[in-house]
Amino acid sequence: MAESIGFIGLGQMGSAMAANLLSAGFAVRVYNRTPERAKPLVDRGAILTASPEQTATPGGIVVSIVSDDRALEAISTDALASALGKGGVHLSMSTVSPETTRRLAPIFASHGATLIAAPVFGRPEAAAARKLWICASGPAGAKQRVRHVFDAMGQGVFDFGEEVGAANVVKLAGNFLLTAAIEAMAEASVLAEKNGVSREALLEMFTQTLFNCPIYVNYSRRLIDADFDRVGFPIPLALKDMRLARDMASASNAPLPILSLLCDRYVSALAKGRANMDASAIALGAVDDANLKWD
Amino acid sequence: MAESIGFIGLGQMGSAMAANLLSAGFAVRVYNRTPERAKPLVDRGAILTASPEQTATPGGIVVSIVSDDRALEAISTDALASALGKGGVHLSMSTVSPETTRRLAPIFASHGATLIAAPVFGRPEAAAARKLWICASGPAGAKQRVRHVFDAMGQGVFDFGEEVGAANVVKLAGNFLLTAAIEAMAEASVLAEKNGVSREALLEMFTQTLFNCPIYVNYSRRLIDADFDRVGFPIPLALKDMRLARDMASASNAPLPILSLLCDRYVSALAKGRANMDASAIALGAVDDANLKWD
Amino acid sequence: MAESIGFIGLGQMGSAMAANLLSAGFAVRVYNRTPERAKPLVDRGAILTASPEQTATPGGIVVSIVSDDRALEAISTDALASALGKGGVHLSMSTVSPETTRRLAPIFASHGATLIAAPVFGRPEAAAARKLWICASGPAGAKQRVRHVFDAMGQGVFDFGEEVGAANVVKLAGNFLLTAAIEAMAEASVLAEKNGVSREALLEMFTQTLFNCPIYVNYSRRLIDADFDRVGFPIPLALKDMRLARDMASASNAPLPILSLLCDRYVSALAKGRANMDASAIALGAVDDANLKWD
Amino acid sequence: MAESIGFIGLGQMGSAMAANLLSAGFAVRVYNRTPERAKPLVDRGAILTASPEQTATPGGIVVSIVSDDRALEAISTDALASALGKGGVHLSMSTVSPETTRRLAPIFASHGATLIAAPVFGRPEAAAARKLWICASGPAGAKQRVRHVFDAMGQGVFDFGEEVGAANVVKLAGNFLLTAAIEAMAEASVLAEKNGVSREALLEMFTQTLFNCPIYVNYSRRLIDADFDRVGFPIPLALKDMRLARDMASASNAPLPILSLLCDRYVSALAKGRANMDASAIALGAVDDANLKWD
């Protein structure tokens, strides 16, 4: 009989990941605040439940990927923890602050269960293609226990040790790194265009040579095509992550000027009415300042 | 009989590139301000000359790679241009401002010769391994004519059209991009270390996944090992390039905050006595601000 | 018989202000978390109470000046509001976010009382000398009613209207302005000193001419004398205020680069172990970056 | 008989200053590149000359106030120096780099004359009203000798010693300080307006209290009225000064983040077509970023 697994949070990412669990042969019990989003999964055999805790089986595994710290807190209740019980694992894959993860872990521990932080890198297409990169932290035994679940969703797992917040630190640092790369490409593009070289010529060269890696290759296409309305990751969520990074930086006495700049760029994007654009539209800040138009 | 080629500028980069021309079978006539540096090349058959113009043969090719705009101006004389004469090509591979290139091109044109800008990406090891990436701009015919010379020195050429300064624009934009990547990695590392994750764990993950490209792979090693005293590219030269980029940005009405930050970081590095460190030591700015020590 | 007035919060500022109320002839009922600090006031006739609400008289006035938003929330209870009751006024003089003020006002309104925001400008010496500048916002009638209390503590009141958070906005904007002035003086001083002009000569000229106003005159003395250990306003509190300003900016879509810089400067000051220094020690950031020593 | 004095440079500032010299009873010999600008002075008795050196009398005083370093170099010739000769003084009141002043001083010294740097603070109205503040540096004897000339043009002189570039350092630092104050007021205004407080209410309070000094009082009026088209000091000249300050900072290893920001703000203003606005329009950068409109 198939192993039963719980899944909470059916946004673009979660839906694709849960589908992969179904494909891998798991029996998946799903929960989402707006249950309508579960339909495609239910059509494929998933069972829709009425509460987060109903996704759990005693000693089983529940995966969650929700929109922010508050949503994660809302599901990380004693009800869920006791439904999981001894040996159970809550695999928390949302992008949240390490602080939140550290605060929630004892709730699960007090019921004999374990919270594992396992945020992911990859946009919805990567999730659908089982190409996510997963960062994991928390007790070694529990990470070992969920290894086959990771394998059903991602192309690789990086282990950041037993301190449960560590993977969240890495995730926020990674979102910072990729946003910084977009801003840098935008500034380089503006510099080039103001001096007679198209951003296409510039970025195509660099993404074939020094910067031939996914972040530069993928986002340079966005910049070249001014393709910001097709939303993979909306600006308000991107700003949320930059703020989590900044708050973490600030609380740990780490002054980081590019991080501050990126926050201000997103804040400006919202001021300019770009809430419905993709996060890569942060590039338009440098474009506006130089009074260029990208169409 | 071997084609004779002139070569001006025998720094770390130039010496490796001239050696490759010898290896490729060219007869190489070299000039350097301090002639002692020519010895290894002379031992391998190069001919040492007493002036830039003596490296030229009528209608031939002279390659130059010198330290800055002033040094390029000093060799780009009517004497050199007339020694090259009709059909001759000055292949200018230094990192200089596009403005300088544009100002010098007519000197060569007035003698029937052509100036081609062809700055390169790659550190001395890459130059020795014939792995340079070359950006070229200038008249198409002349670029075609020097194609075999490019092939003897690099692994690929990108053509940025006939406007002679264009390749210099790309080179400066590229140096900006890679320096921004180092600063971003430094900030991400500080953020991680202040929150319990080593920069090694962090950077190894990203350079195997989202950022698995030469700039991130190579420079992350420098940061992880705090390997700043082994100098591939000294800070004063790196600052020179950032200033050229900033002056170009400023003159063309392009306000670029990360570029400004990088200039200030290098200025601070000099204030702190780091003139003899590698350019990657720009990373220490974020480290100092956070009061960390990297050993 | 003397009018009775409540006073909550006996830090450096509050103690000086309560003393002025005594001097003006009010009967003052005080409360402080650590009651020992009330001794000098009790010696002068103040009555020490055991809770915030015991400072209140029905329909009377209670002044509070506490350390942060959380402390203000802790005292702004239904107990205090109902002790004040109909016609009572809570004069809230702390530096807090406008959001907090807006959230607490209805608690008082629900008991017929009124919350007035009235943060002040001035260091403890100014408070003692009755030289505070007071910014007030909230219902006009209540502001009118406490006018004589303002007069006993400050040299002037500026009315920012009926929206109760407005005065908090002004206070945070003012702290930003004065911190920006210190940073600017620090940068100008570094520029001068690196080029052969002492910061004393520089700042004395400007504070006698273009910038002959209290902020520049007072803080330039701190910079000239490198007098940062005598604490009027400790760095952690200054950072708290900059963060409130930044959060307010961020929430209202206002990207402000100098504000971001000032936050990072204070964060760096804490990283460097300067928690016990005066807020004016933010100046040392520019000094460190330039590798100068100010003694 | 009236003392004869030379005057070179009849821009808005120079014309007002030369007029004051006439009013003070000097015989003034003027020179300007575009001689038409001399007409009002000639009408009042000034003598128009055909070259800078013709303004000089042996052992006399020549005042100059020209637009930039290049213009100062163009007039600071051996011809002018020898026309001044032994005991003569060139009173250089332009805003230029200290480096330029230091390089030009020996030209005068070699003819027995003396160069004094004496840049001024004040807009054209202040010049007309004899309200300039003058910063002076150079040999003490020469400064003493021109004291009565200073008195005819300004309300006060600050002596920065014998190193001739010192006064230029102070002038550039001062322009930085005042531009930083405008940017800070702009950011504070944006913060206030995004949170329900008008910039007028905000700035009027601060300019009556903590910041009741000329720079804040005068420029806050500009911001409140969005009065940027009435040009006292055009943006291109303001940017020129910020660049001189930045180049000086950079050459002396002084990394100054607000200075870098101000340069970028002016560069952006030019990109946006604001070359004909007053320098105070730097404020519009923060306004644009926040998507406000100031009319």
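First chain written, first letter: the chains are A, B, C and D, and each begins at residue 1.
Note that in this section a residue touches a chain if its C-beta (ideal position, glycine included) is under 8 Å from a C-beta of that chain, and two chains touch if they have at least 3 such contacts.
The structure displayed is predicted, hence computed values, not measured ones.
Across B-D and A-D, the chain pair carrying more C-beta contacts is B-D.
Just one of C-D, B-D or B-C has an interface built like that of A-C, with over half of its contact pairs in common by residue number: B-D. A straight line joining the Cα centres of chain A and chain D is 54 Å long.
The centroid of the Cα atoms in chain A and the matching centroid in chain B are 38 Å apart.
Averaging C-alpha coordinates per chain places the centre of chain B 40 Å away from that of chain D.
For chain A, the set of residues touching two or more other chains reads 249, 253-257, 261, 264, 268, 271, 289-291. On the side of chain C, the complex with chain D involves touching residues 98, 121, 133, 135, 156, 158, 160-161, 163, 165-166, 169-170, 172-174, 176-178, 180-181, 183-185, 187-188, 190-192, 194-197, 201-202, 205-206, 208-216, 245, 248-249, 252-259, 261, 286, 289-291. On the chain A side of its complex with chain C, the touching residues are 243, 249-250, 253-257, 260-261, 263-265, 267-268, 270-271. Considering their complex, residues 257, 264, 268, 271-273, 288-291 of chain C touch chain B.
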